[in-house]
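In what follows, chain A forms one complex with chain B and a second complex with chain C.
Right after this comes the complex of A and B.
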């Protein structure tokens, strides 16, 4: 197991290096007028040049990259070109918003999708058909449409939840719950629908296996077969889907954060991309890749625990 | 198999959702509270379309950003809503005869919120930092040669040459004064310490989401503290901003023409006022890149060819005023007659093209996906094609647009520009070194008029500003389309007054509705 974790961590570091390097060099070829954008339209050419020197933009690309990489290895991601604030501080300030939304959505999706998927697979009949129809419908509606409908009904018309903004948990727990409720709901509807479908298929698949038939013939109670054997066999498929949902949400949450004006990672990534704030954007990329690597590692470990054959592979 | 567990889980989730909604509706969320509180003058919550980058006054900016600095910093002078300058930290100000030495007399009873007294040395510290801080407005103090402390309440500013806009600058970004002790402490970017009517409450502030300012109990002018608390919520998405004002989360919000109709139907008070003009900047007036543009008749033809009313209706939802002049209403240069100097007249445009003796030609202009309305580029393209000018739209990154224009990459471009005072506008678009004069074009008459605006008496400045406006309109240096309206809404409990030449009202202009 230790060697498995070690191998995955090494591959994670390689992925991190490749993705961050590619991103750095790709960004070089995109926006190039960052100094003027920082200083504003009235800045003189001399001021612009001074700013470019200050930011190191007059240095060769490779030297800039090595300087950035050297800093990152020591935990120094530099400062934002636009706010002069440390990148790590900016990211850590935004991470709780995004993670609280994405993690809560994943937990809700895991619970509801398991309940609905297992119910449909075991009961079949109308429950199954209903799940199929609802799942297709829910998956087909874009998240931003769901978000806008939720805001219109629950925030503007009924005024139950706030339409925009984020309240930190340590400032006001009720306010925090209220501020993330609609974003979670907007993300969760599609996630529950698609995950429930996968859970249903996996459970049906496991139920039709020979060993389940054998267990039934030995007279084990259906509840015991389901909870001790079938769910364990079907769980890896569900976990894989949830991990993919999680990773997808880290990207998809950009739109949700924009609609709800949430100060999260997605919005930070969007802003830094629009402005050309390279240190912040690179920091966001590195943090996201680290999160993805950790999530994949945890899912692999969980799958290995549930299914010993996976550990060998 | 029984699924009691399913029902139980659903019941728990439903109960959780109800509990959650209960949390929100019981008022623990800040939004309903702020809206209700404004009725008693307690809290004013403003939705801001921009987020502050730094509280360091050397990095202060104008427009949408001003409202972040005004609560914590007093400025040397204060601009009333109509643009009139009134005392703030400076009680008196006077120029010498040739307008190169400005003497400011300061209040002697003001203390920064960290206990440091306001004096001439503190003002000098700020004024010395501003032009060298490489902030977005640093160039506004470019003419300042020296700041001298004459005595604790007198500061003397010596200029390299007269700057007719200096007093205005000291009423906004360049005039914000921070505690020199706090500046020295190095944390002024995130921990602003000024002498303003409010202080930043960091415990109730979430960067990029909400900035809370509470009343400064020792403030020297309580009349500027209408509210106990001011909350600024940066909401950069215009639809989210609409949702925030319509749902009662904020008391005031600046919207766009596209979201105006929905807000107008929601029992809100609407304010419309101009701050910008939009249209074509004809940079290459000497014909260096596109020779045909050197002919004034071609430039005039471009002006006549644009169907401004249709563009305003299609792009700006009709919210604005069609114009032909680049100088704004409310400035000394403005002339009512010039509004309609170039009505839509394609026949006249074609005639001018013929008189100029130019055949069909093409011009490349930049466009930015998501910023340039497709209806706008289509309209301009069609209007100019009608008189034989083919527009080749070149996609550029939003971050590169200004840079590419000011570096002279394009002979013409559509853009939206702020309309400041005549001197500000001249330095923005007309003088040889103006930001948006990348080909540095000029002529003796423009030079003379600009000189009069800079060096002349107040009366001479006014006359010269009008003459300059008439001249650049006649010479068709630009092809202005219209002044789009800023569309600001306040809820029924809040009132405000738009600020001349500023995208949003100053915080001093808000008050509970009576």
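Right after this comes the complex of A and C.
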């Protein structure tokens, strides 16, 4: 088990290294007229050159990369080209908003999708048909369109929820809940539907296995067989889908945070993209890949714990 | 070779047109096709029929409602005609989707073919890249790409195509791996077809259908992503696209929410049609009649009428099966009968063999006694009585599941055919032995553990503690079968149903397991129903035998009588299949020296 974790960690670090290196060269190679953009059209050529020296743009790309990498290893992602704020500070300030939305959505999706998927697999009938219809609908309407509809109907027309803005949890818990309710709802609809579909087919698959019949022949109660054996057999498939949903949501929040005006990672990513603030964008990419690597590691561990065969490979 | 290939192609064409017909018959699939056709038409003729210049600002007519001054759907905040912009937007939307799907196919298909067909280092590298690409959030990467390479739909969609290529790659690779070692591909290779033409003729053929489905879904996602990027303001502001229009509408959401509705509906309809089309194609390709409505898998006992009408008769037999019928309802309303009018009985301590070829209904009969028939099966007639308790009523034709559930695992036990697939891979062998002892028989955990180790010793496992702690994948097939036997006899059952208990085992292990079964039967004085296709096993273990063919009993009686003087033609054939070219079994010659020649002569 230890070597299993170790191998996964190493492969995660390799992924992180490759992705951040590629992104760095892609972003910095194209960042040619940054100094001019920052200073504006009226700046003189001398001012622009001074700014370029200040930002290190006159250095060769490789040496800039090495100094960036050296900083990152020590937890220093540099400063924003536009605000001169440390990158790490602005990311850590926005991470809680994004994580609270994404994690809450994942928890809701996990619980609801399991209930729905198991019910659809075991009972079939109307609940199964409902799930089919909802998941076709959820995959047909893009997430951000759902979000826009929710804002328009529930916030602007009916005024049940605040349309925009974020209230930190430690200021006003009720306000925090209200401010993240609609974003979570917008993200959760699709996540629940597609995860429930996977859970459903995994449960149906396990139910048809020979060992389920043998367990029944041993006189075990149907409830015990379903919740101990069938669910455990179906769980790895559900977890894998949830991890893909999680990764998708880290991208999805960019649009969601824009629609609901939430100050999160997605907001930061979009802002730095439109400005061309490469240090901030690099920081966002690296942080998100780190989160992805951690999530994948956790899912691998969970699958290994659930399925003894997976521990070997 | 090529001639045969051409012949094979013909029925495939029929299948293809069948798929298309089924697709048209599916209402959702038909609607999706129509919507997509309309979008394509709009994309092609949109620039010609658009009533206004989509970029012409007209501040006098800004934000007018639908139907005002010739603006059928109204205008936006700059007074631009919404309908014209929608029509023009269809074109860029479709082209962008096609670009993303094209890039995904160009990267994913060849690499998937190569990785699947050749394997090796290319497979490892490509699979690793795939895993990395799949673990990246698409929108973040697209943001970075647009920061680096500029804001253009075409750049975004090219990058997005790369991000979507893993789906195509995996699909292709899996399909190719599945067919690579098929006999007909081997045959083509032997026949001297080049690798290129094997891939072209045989392998591309197989992956074609799933690829079309996947491509349809990629198109849908690409349109959604493209619209999302434009909505975020990363599109080209001069090109009227649905995403840009949605952004416009959202800015004016307080004043004129209708502006967001048109592009929102257009995007959702198009994306939805691609997704629905993909689903409908899949349904059409999967064997449609079978797939219509899957039956529920019942874990909970179905409601049964009380069988009070059936008297609890005083039966001298442990098990009586009387006129049993089992059928499977077909989609056309008919019932396919697999067992009909099967009757036999079994006494305490007796071993009854049920013999027959595959599909003779012997396993279905066994599962009826256990109440473990597949959910879609139906008892069509007859009754089963166990120790005076009716399990299947003659009147209601329904299994009394509740009654059976109480008997299963306490008085009736079951040994399956295939040992490895009948142990839950996620639990240790010890757990799977102990749990029923605790839950069904009410032993304490410590007692159950002791008993389980005892049972493992009884079934001849030399190191019971090690097996107890092992997971099923860590033991051999023969050992797994011993474990299953231990589990079956753990409740000291009166009746044991053994379904081909030795078929899946090596020949040497078979003999050991048969010996074990004989010992256990004598030790616990169980009644045993032994389902087998092997007369050798019958001769070895059974007292009486029932011969089944096509769901019916053709002959039954004492083992010796049937082996010596098979009355039915089918029994004779079965016996001759076993005896052919061999001397008759010694048991027979010892028991009746004169019988063997007669048997042979009788054939």
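The working rule: the second predicted complex is superposed on the first by the 311 of 313 C-alpha atoms of A that agree within 3 Å, B and C clash if a C-alpha of one lies under 4 Å from a C-alpha of the other, contacts with A are read in each partner's own complex, and residues count from 1 in each chain.
The rule is short, and it goes like this: a residue touches a chain if its C-beta (ideal position, glycine included) is under 8 Å from a C-beta of that chain, and two chains touch if they have at least 3 such contacts.
The structure displayed is predicted, hence computed values, not measured ones.
S.K.: Quick one: chain B and chain C on chain A, clash or fit?
M.R.: Clash: chain B and chain C overlap once superposed on chain A.
S.K.: One more residue to check, A:226. First (chain B), second (chain C), both or neither?
M.R.: both
S.K.: Quick check on the superposed pair: does A:37 touch chain B, chain C, both, or neither? Answer first, second, both or neither.
M.R.: After superposition on chain A, A:37 lies in contact with chain B alone.
S.K.: Looking at the overlay, does A:29 come into contact with chain B only (first), chain C only (second), both, or neither?
M.R.: A:29 contacts chain C only, not chain B.
S.K.: Mind working out whether A:211 is in touch with chain B, chain C, both or neither, as first, second, both or neither?
M.R.: Touch partner of A:211: chain C, not chain B.
S.K.: Touching A:141, do we find chain B (first), chain C (second), both, or neither?
M.R.: In the superposition, A:141 contacts chain C only.
S.K.: Once the structures are superposed on A, label A:94 by its partner contacts, choosing first (chain B), second (chain C), both or neither.
M.R.: In the superposition, A:94 contacts chain B only.
S.K.: Applying the document's definition of touch, where does A:162 land relative to chain B and chain C: first, second, both, or neither?
M.R.: A:162: touches chain B, not chain C.
S.K.: Go through the superposed model and pick first if A:58 touches only chain B, second if only chain C, both, or neither.
M.R.: A:58 sits against neither chain B nor chain C.
S.K.: Thinking of the overlay built on chain A, is A:248 touched by chain B (first), by chain C (second), by both, or by neither?
M.R.: second
S.K.: Under the contact rule defined above, give the chain A residues that sit at the interface with chain B and also at the interface with chain C.
M.R.: Touching chain B and chain C on chain A: residues 30-31, 122-123, 148, 151-152, 156, 222, 226, 258-259, 274, 276.
S.K.: Touching chain C in the complex: which residues of chain A?
M.R.: Within the complex, chain A touches chain C at residues 15, 18-19, 23, 26-27, 29-31, 121-125, 136-137, 139-145, 148-149, 151-152, 156, 204, 207-211, 213-222, 224-226, 229, 232-233, 244, 247-252, 254-255, 258-259, 269-270, 272-274, 276, 278, 281, 284-285, 288-289, 292-293, 296, 306-309.
S.K.: Sort out for me which residues of chain C touch chain A in the complex.
M.R.: Touch list, chain C to chain A: 28, 132, 134-141, 143-149, 220, 224, 227-228, 231-234, 246, 250, 253-254, 257, 260, 264, 267-268, 271-273, 275-276, 279, 294-297, 299-301, 370, 372, 405-406, 408-410, 413-414, 416, 418, 421-427, 432, 435-436, 439-440, 471, 473, 484, 487-488, 491.
S.K.: If we count contacts the way the header does, which residues on chain A are in touch with chain B in the complex?
M.R.: My answer: residues 30-34, 36-44, 47, 50-51, 54, 82-85, 90, 93-94, 108, 111-112, 115, 119, 122-123, 148, 151-152, 154-156, 159-168, 171-172, 174-175, 177-179, 181, 222-223, 226, 258-263, 267-268, 271, 274-276.
S.K.: Would you pull the chain B residues touching chain A in the complex into a rising list?
M.R.: Residues 1, 3, 5-6, 9-10, 13, 17, 20-21, 23-26, 28-32, 53-54, 61, 134-140, 142, 189-190, 203-204, 206-210, 233-237, 239-241, 243-244, 246-249, 397-400, 402-404, 406, 427-428, 435-436.
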